[in-house]
Amino acid sequence: MIFFLIIGFSIVANDTPNDAGGSILITTYNIPEGTQKIELYRLAKGDTIYEEAGLIPPRGECEDVSVVDGVEYLYRVRAITEDTFYVAETKEFISSSPQWFNRTRITVLLFFILFGGVVLVYIELAKKNPKGLFIRKLPALDAIDEAVGRSTEMGKPVLFVPGLEGITDAGTLASITILEKVGKRVAEYGSRVIHPNFDPIVMTTAQETLKTAFSEAGRPDAFNKDDVFYLTYEQFGFAAGVDGIMLREKPGAIFLQGYFYAESLILAETGYSIGAIQIAGTNATTQLPFFVAACDYVLLGEEMFAASAYISREPRLLGSIKGSDLAKLAILCLIGAGVIFGTFAVIANNAGNPSYLGIFNRVLDFIARGNG
Amino acid sequence: MSISTSIWIWIAALLTLMIYSFLYKDNPFYRLAEHIFMGLSLGYTLVILWYDYIIPRIYQPLFFSPHQWSLIFPILLGMMTFGIFSKKYNWLIKYPLAFYVSAFAAIQIPVMLRSWILKQVEASFLTPDKFSSVFNSINAILIFVGLVTTLIYFYFSKKREHGFGAAATVGIVFIMVAFGAAFGYTVMARISLLIGRMQFLIQDWLGIM
Amino acid sequence: MKKRVPLLITFITGFIVIVSFFVPHRPFGALETETLIWYSIILGFTLLIGVDSLVRLHTRQIRRKKKGWWYSIVFFAGFFYCLTIGIISLIRTPNPFQPGTVFFYGYETILIPLQSTMFALLAFFVASASYRAFRARNLDATLLLITAVIVMIGRVPAGHKLWTRLPGIANWVFDVLQMGPMRGIMIGVALGAVAMSLRLILGIERTYLS
Amino acid sequence: MGFWQRLLQLDRKWIFLGIAIVVIIPLIKPLGLPIKPTKPVQDLFNYIDTLGPQSDAIFLVCDFDPSLMPELMPMIQSILRHCLTKGVPVILHGGLYPAYIGIAKMAIDEVAAEFPEKKSGEDYVFLGFIPGVTAVILAIGIDIASTFKTDYYGVPIDSLPMMYGIKNYSDISLVVDISGSSSPESWLMYGQERYSVNVGLGCTAVSAPSYYAFLQSGQFVGMMGGMKGAAEYEELLARKGYPAGKRPATTGMDSQSFAHLLIILLVILGNIGYFVVRRAERKAGMERRKR
């Protein structure tokens, strides 16, 4: 057998990092000119013959996923050109093993622990002293009382649309908290709330919520379960149905709170045309523009979460808002410090000292690693 | 100009017109098309469910080797959702719901942290290469200011006073510009869909052009 | 029992999924995919609830002979038609969505036009809403409408005809002006979602159990 | 009731009629307003235009449902035409979800009929649906033939002449995802980050804004956004003298222009009316109080 061991063409085998085992990472360097394919062979400790282990793609890197954890191997590659072939081998035995921690995800873990910790601490603090946490008041919240009041004066009902998402959506959950507040006001004023539904589970939850709200306002008898009903499971069918309700019942106040899709604009337009006060809120960022343009008050994305915390004064919601705020503050500080340090590093680099720029890039790399 | 002779194109065209008749007013033709649509899409959902869920995820792994008997648990949990139909066993649905809600939440956490937060923070760092020309520098600073003031706008646990309030005001200006851009693009997409339907009616059905 | 066990399920599931994201070692790494499979199976069942709700609604319409009840018959006709051709195609071919099957034919000639027409109705509504509801009622809405107008005009050939710079400005709005706030909104919404997920897993958030 | 008040209460049927007219008339009598390609589309076009019969293949993915056909179908067909004209080997994948395969079939049937000398398996390959979504994206990085086994027509992939030498992403110069969902992110996450394959995309106008960030960071080679993006690609094909089919996106552009102009006009008119009426009401309110 004739083969060439050329200087430069080499192979490195390592246990694939951050995996569940059963894989060895093979990297080849300085692949000879004109290579058509690279064959991989492997020798298990104790065996005498190299067995075939597949081909290496032209990039020169691959994972051998047919290995057994704990068994030690030697590797050999053959780079085959038109008229000859070149060989490279590993010198030391290598084995694969599973890892207990995926290091490429360390930034995610760090951020998760910090953020989660802050949220939990603030939830506890809020439990002890719910008045102690300040949350800015949102104009849309004052409007709730006004809207319900005005529609009662006019002898018109209130319409509450909870969006098209299921109970797992953060927007739907916030919507239920807001519904509680609206329900209480409606009960106090002796008005009526109509609540059409898209999702059957959201419907049962809304029924329970309104029932509680009415009893807490001291008017359990005024609650009519049939006002919370199931409409349809089809997007435009739902929009047409709600439109029909708007035109027939002429509600004085309309709440569009939850996750909406393309039908948002149909609902908001019809609501505007019947002259109702419209208070919208959604975490669907694509639909926010239509609400802003056509409704009187809008809770923009995260404002919805803040609003539900403000209304309920529930520690779990207050704590989360405070936690999110601190995370935002941390992000602001981080990128702010980045600007200052980065400017300094570039100046230092231009003055002939590249070490600070190196640190800057390493920090960036560390944050980026969360995406590995 | 040659009007189509294919019966299927005629059916499609008539259904299209029946839906559009809603623009004049709600009428029996629209109602008819709407209910055909709802019925068909429900049937379609069931066929997808069968083909995409039940066969590959339940039937095949359960009845062909290697049998994955552990799948019996999610199936049982899934069946408990039917508890919603009975007053007495209504509470049964809470078990699958608990699993479902929690799995969704837990899968969502790393995704959100990685691509919605960390990735965006990383992209927001001002690196030297963003200042390659005067125009690029101004743009980089505008993007940076847009992000910072937006974050300040969404900061809820501080009173809006002085500089902080001013920054939040700048933030809402940026937010509204972003919404305007999204608005424009969405309108564009809706019109495109209408053009597509009109092209069908004019070209494929009526044969004009 | 009726509340404790679900909370326990919530916690264990959430804990396992999160740990398996960081720990590739057995048994965690493999548990992530397993949970996903379980999740998708249960998702299928929750979809069935929606199907059932709709079928019930229309059965009730017919039984009570409510106004327009015969539309519900049309609904069932469409439903069973689609189901039948679906089943026929499922028996005959491995993939009923393959062109050539009866199911695909019905899908292509009836469902596709209906679906796209329904969606295209929005073009009309967007026009009427621009006239009747999109108002510059305050500074926010004014800014929004002005940007929208620039983008709408800048992104079509007519914009180039009006002023050659317009397309460039519209692109600049995208590349620069909207980038910062979009990132900020994404970060905010994501923080809210993570906080809620955490509350759910730890059993602090129980609204869904009521 | 003043003029503006009456105008504001105009029945919306007239507005609907207006939209229908500005959309239909330019379709029948096109004006041919010039289309100026933008950079993201130009980038995508240039990338494919430098390739030839000897280059690595284009992997074109059809990831959208029928309701988005007006925007996305012209894109997929333009890329197919471009590849077939230049002789670039092209693999059309019928999408990550089962319902998309029918659309891919319609696309390839129409384009293949325009190129009677091009043969399936020799000049282009059409792959069917297999379940798995992200698992499929990952598996293509290992071996296309063993992942798909046969092409859409049931011919084993190993026996297709075009597929000699095309094993996985390392033999693919570009993945073009024409998508109505978030699938381009999956191609980035699993295709690009794991196997460093280049990715380009075509998407609806609704989702275009959210992909600008990725485009800016260089993760996508180029992008077509909405019907306008498709029209720009058709224009680029036509400028080079390549066949561009019926150019459905381009013929739609005149309607698009006029519809936008009408909507802008409506926004302006509606707001003028709103302010005039509001002022009149305020004045009337004040006078009443004076009395």
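A, B, C and D are the chain letters, set down in written order, and residue numbers restart from 1 in every chain.
In this section, a contact is a pair of C-beta atoms (placed from the backbone, for glycine too) under 8 Å apart; a residue touches a chain by one contact, two chains touch by 3 or more.
Quick caveat: nothing in here was measured; it's all calculated off a predicted structure.
Colleague: I need the common contact partners of chain B and chain C, sorted by label.
Modeller: A, D
Colleague: Where centres are the averaged C-alpha coordinates, which chain has the largest centre distance to chain A?
Modeller: Most remote chain from chain A, centroid-wise, comes out as D.
Colleague: Any idea which chain sits dead centre by C-alpha averages?
Modeller: Central chain: B.
Colleague: In whole angstrom, what separates the CA-based centres of chain B and chain D?
Modeller: Going by mean C-alpha positions, chain B sits 17 Å from chain D.
Colleague: Using mean C-alpha positions as chain centres, tell me how far chain C is from chain D in Å, no decimals.
Modeller: 20
Colleague: Please work out the Cα centroid separation of chain A and chain D, and write it as a whole number of Å.
Modeller: 26
Colleague: Please set out, as single numbers or ranges, the residues of chain C touching at least two other chains.
Modeller: Within chain C, residues 18, 21, 46, 49, 51, 54, 95, 97, 107, 111-112, 115-116, 118-119, 121-124, 126, 128, 132, 134-135, 137, 140-141, 144-145, 148-149, 152, 155-156, 174-175, 178-179, 182-183, 185-189, 191, 193-194, 196, 198, 208 contact more than one other chain.
Colleague: Mind pulling the residue numbers of chain D that touch at least two other chains?
Modeller: 16, 19-20, 23, 67, 69-70, 98-99, 206, 209, 213, 226, 228, 256, 259-260, 263 - these are the residues of chain D that touch more than one other chain.
Colleague: Quick check: what residues of chain A touch more than one other chain, meaning two or more?
Modeller: Each of 105, 108, 112, 167-168, 200-201, 232-234, 236, 285-286, 289-290, 292-293, 300-302, 328, 331, 371 in chain A touches at least two other chains.
Colleague: Along chain C, where are the residues that touch chain B in the complex?
Modeller: 2-3, 5-7, 9-11, 13-18, 21, 34-49, 51-52, 54-55, 68, 71-72, 74-83, 86-87, 90, 95-97, 103, 105-107, 109-124, 126, 140-141, 143-152, 155-156, 170, 173-191, 193-194, 196-198, 200-201, 208-209
Colleague: Chain B touches which residues of chain D in the complex?
Modeller: 13, 16, 19-20, 23-24, 27-28, 67-71, 97-99, 131, 185, 204-206, 208-209, 213, 217, 225-228, 248, 251-252, 255-256, 259-260, 263
Colleague: Quick check: in the complex, which residue numbers of chain A touch chain C?
Modeller: 18-21, 98-102, 105, 108-109, 112, 115-116, 119-120, 123, 166-168, 170, 173, 176-177, 199-201, 205, 208-209, 230, 232-234, 236, 262, 265-266, 268-269, 272-273, 283, 285, 289-290, 292-294, 296, 300-302, 305, 316, 320, 323-324, 327-328, 331
Colleague: So in the complex, which bits of chain C are touching chain D?
Modeller: 95, 97-99, 104, 107-108, 111-112, 115-116, 118-119, 123-124, 126-128, 130-132, 134-137, 145, 148-149, 152-153, 155-161, 167, 171, 174-175, 178-179, 182-183
Colleague: For a test of understanding, state which residues of chain C touch chain A in their complex under the given definition.
Modeller: Per the touch definition, chain C meets chain A at residues 18, 21-26, 29-30, 46, 49-51, 53-54, 57, 118-119, 121-122, 125-126, 128-129, 132-135, 137, 140-141, 144-145, 148, 182, 185-189, 191-196, 198-199, 202, 204-205, 207-208, 210.
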